[in-house]
Amino acid sequence: MTVNALYPDYQGKVRDAESNFHGGRLLYVAWNRHLMFTNPFAYLVQPDMKFGDFVKTVMAPSFETHPDWAKIDWTKVTWHRKGESFAPDCSKTLKENGLAHKAAIQFSTPGLDGIGGLGI
Amino acid sequence: MRLLYIALQENEEALPIIDSIIEDNPSATVRRYPGMVRIEADGRITVKRATVEGRLMRDWDPQELHLHLISIAGNVHETDDEFTLHWGTAEEMEK
Amino acid sequence: MSTTKKLGLREKYRLMTRGLGWETTYQPMDKVFPYQSFEGIKIHDWDKWEDPFRLTMDAYWKYQAEKDRKLYAILDAFNQHNGHLNISDARYVNSIKLFLQGITLSEYNAHRGFVHLGRQFRGVGPRVASQMQALDEIRHAQTQIHALSHYNKYFSGFHGFQGMYDRLWYLSVPKSYFEDALTAGPFEFLTAISFSFEYVLTNLIFMPFMSGAAYNGDMATVTFGFSAQSDEARHMTMGLEVIKFMAEQDPDNIPIIQRWMDKWFWRGYRMLVLVAMMMDYMLPKKVMSWSEAWEMYFEQAGGALFEDLARYGFRMPKYADVSVKEKDRYSHEAWAALYHYGAAAGLHTWIPTSEEMEWMAEKYPNSFEQFYKPRLDYWDEQQKAGKRMYCASLPQLCQVCQIPAWFTEPDDPTQLCHRETEYKGETYHFCSDGCCDIFKGEPEKYIQARLPTHQIYQGNCGGASIEEVLKWSGIEVGHDNLDYLGSDDQKNWERWKHQTAVEKKIA
Amino acid sequence: MIEIRTATIEPLRNTFDHVARVLGGDKPASRYLEGTLKLQSEANFNYQALWDKEHELYDPSRTAIEMADWYAFIDPRQFHYGSYTNARSRQQEAAESNFDFVEKRDLLRFVDDAARQKMARVLVPLRHYEWGANMNNSFIASFAYGSMLNIPATFHAMDRLGIAQYLTRIGLLLGGVETVDAGKDAWLNDPAWQGLRKVTEDLFVEKDWFEVFVAQNVVGDGLIYPLVYRHFVQDIGVQGSTVAMLTEFMSDWSDESSKWVDSVIRIAAAESEKNRQQLAIWYKKWKALTLAAVRPIATDLAGVSAETLQNIENALDARAKKLGLEIGGL
């Protein structure tokens, strides 16, 4: 829909265009059934970073305070994007994995259901 | 139930007003909270100048309600002699 | 000769207000009132406006001065007698820190909106009503600052409220809400603030919260709170009048207003999550739960209101049903998130005491012990083991309400709710269908949202480290933030209470 | 309540950070300063207004006047809402008892018809001038940059509504609703009032709020108030004492509020030569227009001599000069 304004063609400034992030881009990550982290995290990442490195060097410091993190069997982890399953290639870059600016991904760790198995 | 209410601060000066409202609206429910009284009714609540003046023993302008009012729900109808809360249109109310 | 006496209240008031205005002829009315029509609202007869309360300026000055004299007498006594020592517990003070940080300058923003309308509305009746409300909003901002000025002298978290409002991440929630309304047209502003906020939602801030302040021994807050509420009754009446007036003017107005009601109900409801958290977690002595307050003030009172408005063709705001589904989790999700970001807040957070948890279990029998207590218990254990949870990763924010995406699916409180959409090749993320719909209604507006997380990453917030960003936001690191346990507030409070006890003994 | 010796509990700080920065250190601050400084957002605005393409929501560029610090405008009255309503409430109490006194004793019956008509012809249409001043000050209040100007401008706007209402009551006392209606008709149609109405309406479409401030609060009021509430009321003679009672609010108000008006001009003019020039240009422009508009009211309706009007103009020029505006040079 268009915005009804006093002057014609009301246009907003895109505040978060990729070009505003000095070569980086945004990537959002949530860990399903682990609500000890109350919300998804937003990361500023370099598009040519390998997905595997992203997990190890960017995600780990955020999530490793959870006792389940160390127990994750990465071969069993499932990833989702826009409600569909997504199979990232750890040896490829974020860009090559199709993670454009402001992509949001979720991961599930079967068998690991948070503190006390309560999704926390 | 079409809930209407008026909430007033509970203080010395507001007490005669609160008591008058209770007297004039016998079917109303009175709820007391810390520092506050909430009077609830179905359909209509009236604050009458004459009743309040009777208790205060002085002239009282319904606009003095502003000094103690906390909240209301309902449409407001104000005259020199009454302050009324109601649901529905003004014409329905006047019936 | 005494003609005034013969005039009834209504006639006299008409003469004293709309009688003053005139149709301009040296300048066209459309140029004098340029903002009147672009929103699409059709007004045929401004005279049909019913004045909500008929206060002339002399009566206004008289009553308001009397209210303020009483208010300041109590504040003076409060200050002179160190009234802050009578509160239930120093944790309580954090609720009024949040109030000063988030609400006070929002009152000022509301003032600017109403003073703008007080000049720009074409009808004289609503213009005068807007002006009085503009004046009241100055009162609210100032009396809040004056009441909390004493607390500022003795507790952390108050001193930087002015700079925080423009900069601190969670305050972008109320800031963006008010800026959204202020940048809208005049009729939308009134629907947003006078109706959706003042009429439908402010009771949720003032009534339970102020009763809570009374119950927690905070005479300063309860006094300004109830005193401000006495103005709100006028504002609420105006809110309802605005809707009825627009609806009666033209049937074409109904769908426009309904869209605004939907938008602003959801916008306001999301902002109130901060109040939900204050009520359930930040008041050491509790008056009523968020869930009870929502039932009483929204489901019952709002229900009766929308039943009344049905005759114009209005229905309950969209997603009101979601708010009811969320009432058992609203405060718990918010407090958990704030606790988890406790290093980045301008106030202290803590794990509730076991008595408080019992109260919550009783008030939230279907949710607290199942979903929220175990998380608090785990954090409590960690804290006792010296590993207090302080999350350092920035949150994903909702493009519309700007709250971290901590809300869960309406039908599954264990699953985070996430919606996304594309607009002109860019992706946008939302916490709910409510916020997503608002975006889709006016995408060009919401693409401009200044989301704190993104601003930090763009380098606009004082630096790259959390410490630099906090400093830039007005937080004294190590004093205003972190857990209540071990805070300056806690230490001072215990010292003062000890001193008081000793002095009492000596006396 | 627990009584405790204040000496034993030391405050950690005396005021808020932003107030301390203005005071140059952490010192106890007045309620005026704590309640007025920097309430307006200054940065990080989210959305472009649907009704204004050119400016930020709060934007100093809405006037040609430039200030390094928009919080330099200290109100000499130091009004915050509480002290403002208190002052006005005392004044309204006095006004109320004056109106009561006149009404109860029916004092206007001692005023002869000619004088009564003269009063009605001058005072009653002025309620619309006041309403215009209310609109102009509401405009100033909504676009002025910063809470230090916007708050007193709001008070000023409300004062004008109050004065318009007092003038309405005078109209009602003089001859009921008919007289009030006749006053409106004069404002709309009587040639003597058309100049002032045109100036008022022209101000409704001015874009620079500071220019409106100069035109309305300095020039307009600087001519109208002495003309009406000093000379006209006095010149009406013994019978004028009743009118003087009924207009006491206005003359007291003018004495008090012009201190604030003057301070705004003085501070803006002292800031820079550029400001001073700009203010002088506006002053001259609006004085010429307003003076021409006021002349028929003074001579045809109020019976004030050309000489008196010249004195009023001279006094206003002297005031403007004292505030830093170069009058002769432009």
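Just so it is clear, A, B, C and D label the chains in written order, and each chain counts residues from 1 on its own.
The rule we apply is simple: contacts are C-beta pairs under 8 Å (C-beta built on N, C-alpha and C of every residue); 3 or more make two chains touch, one makes a residue touch a chain.
These numbers were taken from a predicted model, which means no experiment stands behind them.
The greater number of contacting C-beta pairs, out of the two interfaces B-C and C-D, is seen for C-D. Between the Cα centres of chain B and chain C there is a gap of 27 Å.
With each centre defined as the average position of its C-alpha atoms, the distance from chain A to chain C rounds to 31 Å. Chain D has its Cα centroid 38 Å from the Cα centroid of chain B.
Listed for chain A are residues 3-6, 10, 12-13, each touching two or more other chains. Counting only residues that touch two or more partner chains, chain D has 47-48, 50-51. The list of touching chain pairs reads A-C, A-D, B-C, C-D. Contact residues of chain B toward chain C in the complex are 1-5, 7, 9, 33-36, 63-64, 66-73, 75-76, 78-80, 87-90. By the touch criterion stated above, chain C contacts chain D in their complex at residues 1-4, 7, 15-16, 19-22, 24-27, 31-32, 34-35, 38, 56-58, 60-62, 64-66, 68-69, 71-72, 80-83, 85-86, 105, 108-109, 111-112, 115-116, 118-120, 127-128, 131-132, 134-135, 138-139, 141-143, 145-146, 149, 152-156, 158-163, 165-167, 172, 175-176, 179-180, 182-185, 445-446, 448-450, 455, 474, 488, 492, 496, 499-500, 503-504.
Chain A contributes residues 1-6, 10-17, 20-22, 24, 26, 28, 30, 32-33, 35-44, 61-62, 65, 82, 100-104, 106, 115-116, 118-120 to its touches with chain C in the complex. Against chain A, in their complex, chain C makes its touches with residues 34-35, 38-40, 185, 333, 336-337, 340, 371, 374-375, 378-379, 387, 389, 391-397, 404-406, 414-416, 418, 420, 424, 426-429, 440-451, 453-454, 457-459.
Within the complex, the chain A residues that touch chain D are 3-7, 10, 12-13.
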